[in-house]
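Order as written gives the chain letters A, B, C and D; numbering starts at 1 within each chain.
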Amino acid sequence: SDTHMPECYTPAAGSERVIRVEPRRGPYRIAVANGHTGIPWRMQMIRSVKAWAAKPENAADIAELKIVSTGADVAAQIAAIDNFIQAGYDAVAFIAVNPKAFDAVIRRARTAGTVLVSFDNPVDNPDVVRITPEWMEFEGAIKTRAVLDQMPRKAGTVLEVRGIPGNSTDRDRHAGFRQVIDEHPEIRVVEVVGNWDTGTVQKVVSDALAVHGRFDAVVCQHGCRGVTNALLAAGHPKVPVGGDAENGFVRALAENGIPGISVSTSPGQGPVAVRAAIALLKGESLPALVNLPTPHVRTADMKPGVNYFPDMPDTYETVSGYAACGPDMVFTPDELMRQSADGN
Amino acid sequence: MIPLVRALPRPVAAPGPAGVIALALVVLLLAGGLADPRFFSPAYLLQQLHTGAFLGVIAIGAMVVILTGHIDLSVPWTLSAAATFSTAFVGAAGEGAQGELGLLVGLAVGAGIGLVNGIGVAYLRLPSMIWTLAVNMVVLGVCVLHAGLYASGSRPSAVMATLGGGWIGSLVPNAVVVWMVLSAAAVFLLRRTVAGRCLYAVGTRESAAWLSGIDTRRVLLGAFVISGLCSAVAGMLLAGYANQAYQRMGDPYLLPGIAAVVLGGTSILGGRGSYGGCVAGVLLITLITSMLSLLQVPEAFKQIAYGGVIILMVGYYSRRAAAERA
Amino acid sequence: MIPALRLLVRHNDRALAAWALLLALLLLFLSIHPRGASGGVLAAWANQGVALAFVAVGQTIVVLTRGIDLSAGAILALCNCAASALVRGDPAEVALGIAAVCLIGAACGALNGLIVVRGRIQPIVATLATGAILSGVALLVRPTPGGSVDDRLADALTGTVGGVVPVSLLLLAVLVAAIWGPVRASLTGRTILAVGSAEPAAYMSGLPVDRAKVAAYALAGLFAAFGGLFLGFQTLSGDPSVGASYTLNSVAAVVLGGTALAGGAGSVAGSIAGALVLRTVGSLIFFTGLDPMAQPLFEGAVLLVAVALGAGRLLRIRNRLEVFR
Amino acid sequence: MPNDPAFLALAGVAKRYGGAVALRDVSFSAGRGSIHAILGENGAGKSTLMKILAGAVAADCGSVTLDGRPLRLDGPAAALREGIVCIFQELSIIPDLTVAENICLADPPRRRIGTIDRGAQRRRARAVLDALGCGSGLDVRARCADLPLAKRQIVEIAKALARRPRVLILDEATSALSAEDAERVMRHLRRLREEGVCVLFISHRMHEVDALADTCSVFRNGEHVATFPAGSRTHDEIVRLMIGRSIAHVYPPKPERPPPAEPYLRVRGLARDGVLKGIDLDVRPGEIVGLGGLDGQGQRELLLALAGVLRGTTGDVRIGTAAGLPSGPRAAGGPGRRIALIPEDRKTEGLFLGLSVAANLSFAALDRLSRCGIVDTDAERALVAGLAGRLAVKAPDRDAPVATLSGGNQQKVVLGKWLATEPKLLLLMDPTRGIDVGTKQEIYRLMRDLAAAGVAILFHSTDYDELIGLCDRVLVLYDGRVAARLSGAEITEEAIVASALNLRPAASAAGSRRPHREALA
């Protein structure tokens, strides 16, 4: 079966399932239900959704775009989706606070005919389109392997900086890391928990350096600016570091010539998900589980103004969108910054 | 100096909080050292002091508020807000002298939030646990809105960077020096000044203090402003340490701050507690957290150990206090 | 009897105020809701608040003893995880599972009570510690979100009766009336109030102080378990990190409901209103055309104002010493 | 019933608190159907002994037998089960519960299912209060927190009686009662004696002891020094047993005529909704003015209003150089007015129980003891030493928490705390509550000396002796108004009682006559 824009909405390996709904005529009422508040990534995601929707060619399809952030409480997010269903929205795109918690509301959505699209932290439910990086590949095949490549000798100690315990994404990314690193039995792994928080990462990495003295590479999930900070503060030799795509981290790699790789889960997922919802409403079919191409760049290839932005905040996500998903999916910083206080 | 309460019970001289924690620290280090001799390395211990300093500064504010029998739950976002706005100012004003005014901006933010906390608790007589929680949410909202409106800079000024991340030679982290200076100030405040006496008195029995001619409302207000300032200082130090201000940077500090004060033997009901214990508490918490994570202990067991330590220590203090009473 | 009525109103004025506030907010919410007041909307509204309301009820009972339970969220999370492992299979198994989860909650609560009573540790500290321990245990039970919960029962409990009245609200009312009602009217209930009002006096008067305290914390644990169970029915799964936001919100609900943290006086009903108020404020942002960046500020500000309403009592104060009560 | 003299017997009871010995090897017995007075100076160990009987404090050693059976008194509940009911110096009622709930606190009438029958509870409460005779004007549905101290003390007593005690202990339970209520309570105690109850009775008011006790036991420094039939010894002998010296005159001589100075306090038409209805009064420097009257006629409100504690009080007031009422204690204590209010309830208003004796004594005066906010600890030490000596505070040491002092000594600390501010106008609310004769004498002398030094003193007391013995002038309040202004020779018990009941003096004879006595000696 041929699905919509396969170069962008690539089906996950081994998932044949395709989703298609009764087409209906636009323009559509779309809602985005975000969870956690006060996190830069989420804010940029919201911005890029608005930026995308503001483009005239897309605006035509959208009668109403409602974006809410319900915070960490799963009950609140479920209520938000229920309310959008009740209010007769055509589609709801959401980042689940917890991938297991939405089966009931997904059923209610199906009966009510509301299209759900889950992204970034996808729900474990085959009945909705789920758009996500392939976390194991993301952390393993791409990030960890790149780090290994840049290690002069594939031996010694590698420091893994993990995310928030009990979170399924952390679990998958750790698995991906392990999958690759275990191919090298001579490499010893030291594991610390950074909670995806720059300050905590810096603290635990500094501790690890103080105790273990020296590492041959570092693989970090998020908040990786903390890794470079710690390494530089300790005058540690410049070993390969794999990390996120926050402006601060990429800059630190580039400007200090630290070998490594920046792998991005871009906030551009937001508009990609919204566009998927609209495509479904228009009658296009999509794979049930979409794996987004994973943008990444090695230190050697980093260019200012392209891969990092000296005059943007350190928390700015340098990869604003998915080029593979078409020209309308890449955003310039000021394009995003313009999407701010205007109500919706 | 007339002690506010008898330092040690005359008959049974069981060690006080500071003593016990010192003991615990030694035990901890020995245990850790056996597990891995590198825990003894001066580099590691200095590292602990360095990260402890941020918690220590926060604990000063927390202790002052707790002494009055209240609590300040607005620490996380007061810290983030001070860091965010001070660095934003630096970004706008540019590096150099005028950029350093960002320090004042940060302090102003902290003092302002402390003022709001204090007005609610002291003048409107609202329960601190809820009022400061609400204030925390409002500040979060302000920060989110600010970040939503402006792509402002998030990089610390030179001074912030030096104080937060720099070292004197490679001997002492500057943050530790800051902590020590503030500690000295705190000790002086608590032991030698009228204000200090008022803190204890209000924490023991506010009505009696009021009838004694103290404007207890101003005392409470002051306590919360101090707390706000401490959070602000910690925020800017942290921004200097991490070379950036970022949202939610304060989240990891609320509960450890309170726990450190309580482990230090300060009564959560107010009116009782000494600063020495507070410092010891900070060191203990910092060391435990760091060692457990380095020993690769799974999060679940970290949490369990954390809670266990608190129960054991505080349980010991209360038994000791009881022994003192009868 | 009129004077009795007047006393009743005077002693519950703050709870009544909370209900009034809730009503106002709910009407506002329904009026801006594109769908208006329908069974589904009401169900979604109620379901979102009920778990917090359960926790708040338990929290109130502890606060009445002048204590506080900062482990409520952890107990809720633990019970939610337990539910995701136990509440499934044939009806008998489901029933047993529910019983087991309630037992776990009550046991955790009783543990808190024992630590407070035997260890002579301040409740806020003791429960802070047990909270850490229990969330650790929750992580052991379910390292990551998962499990499953009987979905037939779940649908029944999260739906409506006659397409109008949310089942969850009825469930809340019935459980609270059936459990707290009798206790409140017993000597234990009186002791719970007395302890919060003047513990030494209660002890001197020969009231069963320790028993009452342990009972209060056990009840708090039980109601937190209800909350965890209900979340399980809502999410059909268990999540070790689900409790984080519940602890302090439950305390906020208690205060909004007019129960003094100083203990001694207050009402469970008020706290239920307080919990639903908190959730309704959250729901308002769904349909107010508020910029997402401004939503957190809006929520915070509304809560701030709601809390500040409590300052009204100062106006009534004639004797300034009452300020300190 | 047989009136066996050893109905309640203690043998070899001792109790030490850390260093301080509260009781050493006390043996003591009391008979059924008797009223047994326990006498002793502050800190003698009376309360400790009673707390041991009530199970509130565990003795270090020794035994207690009741009706020949040895008792295990672990906790108040145990003692109450044995029928030992204690009314403590520190009130033990629950402020947030109603009068009825308090009176039936621990064993309320219950329905079959175990829930409390609130109707029956109200009826029982009423019955007890009526039996006591103090129930009038006390709504059993009222929250106790809303009641004045005296009413709360009545509830406390009713609560104890509701438990049908075999042994009833009153530890200064009448200290805050107006003479009338005290009278009623005593009448009821006599009735209980007839019913065979063993009553132990602690009071520092000798006339109450005279009026009630059959037997007296005197304690001193934690030792049981003597037991004798009431009336077999003169007050002077008893006092000597208590404090080891005799006191010739309790009250210092009054100066001939009050000094002709300008009034320091001048009040005209002081009013506050329903409680104060236009009060005029002057207090001159060097003058001690007493406030008498039945309980709750506005005495407390008057003093609180003058200290700025009450809002919404109107009237033309001039204090020292300042006009108008202070806006709060801070303003009251300020340079303009120099008022010190000795509050009524030492535990919640007077003291910081958790803080040391020294910190308490110096606290109110800290601004005098500090330069630009920094405490001058030497000056503080000196001040504390001075006060502690002057008031003979009996404490293990000055750094001990005030909570560990005996009731009377806590009261002394309260006094000292405010004397440290060197006030010009002293407002005293029942300052000698629970203070032993010896100390009372010292305090009276202290007040007289202060007056002589030019301090104006306004002094509210529930004890007529004090008003008569100490005051230059006495204002008797009735229903928020001044019912009588007595001075010099007019200050007699009859006159006070009469105007307190708002009667003509003649009629008073019928009212409340008490066995007349001269003031201790």
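Points to keep in mind about this one:
In this text, a residue touches a chain if its C-beta (ideal position, glycine included) is under 8 Å from a C-beta of that chain, and two chains touch if they have at least 3 such contacts.
None of the values given here were measured: they were computed from a predicted structure.
In terms of C-beta pairs in contact, the better-connected of the chain pairs B-C and C-D is B-C. Put simply, the C-alpha centre of subunit B and that of subunit C have 30 angstrom between them. Work out the mean CA point of subunit A and of subunit D, and you get 73 Å between them. One simple way to say how far apart two chains are is to compare their mean CA positions; for subunit C and subunit D this gives 44 Å. Subunit A and subunit C have Cα centroids lying 35 Å from one another. In subunit D, 309, 328, 349 are the positions where the chain touches two or more neighbouring chains simultaneously.
For subunit C, the set of residues that touch two or more other chains comprises 139, 143, 291-296, 320-321.
Residue positions of subunit B with contacts to 2 or more other chains are 140, 144-145, 147-149, 207, 210-211, 298-300. By the definition given earlier, chain contacts exist for A-B, A-C, B-C, B-D, C-D.
Every residue of subunit A that touches subunit B in the complex is listed here, in rising order: 37-40, 43, 165-166, 190-193, 195, 197-200, 202-204, 206-208, 210-213, 225-226, 229, 233, 248, 312-316, 333, 337, 340-341.
Touching subunit B in their complex are the following residues of subunit D: 17-19, 57-58, 307, 309, 328-330, 332-334, 341, 343, 348-356, 358-359, 362-364, 366-367, 370, 373-375, 377, 380-381, 384, 396-401, 404, 417, 421. Those residues of subunit C lying in contact with subunit D across their complex are 3-4, 7, 11, 182, 185-187, 190, 193-194, 196-198, 200-208, 264-265, 317-321, 325.
Subunit C meets subunit A in the complex at residues 33-35, 38, 40-41, 43-45, 47-48, 51-52, 139, 142-147, 151, 154-155, 158, 231, 234-242, 244-246, 279, 282-283, 285-287, 289-296. Contact residues on subunit C toward subunit B in their complex (touch as defined above): 68, 115, 119-122, 124-126, 128-133, 135-137, 139-140, 143, 248, 251-252, 255-256, 260-261, 291-301, 303-304, 307-308, 310-311, 313-314, 320-321, 323-324.
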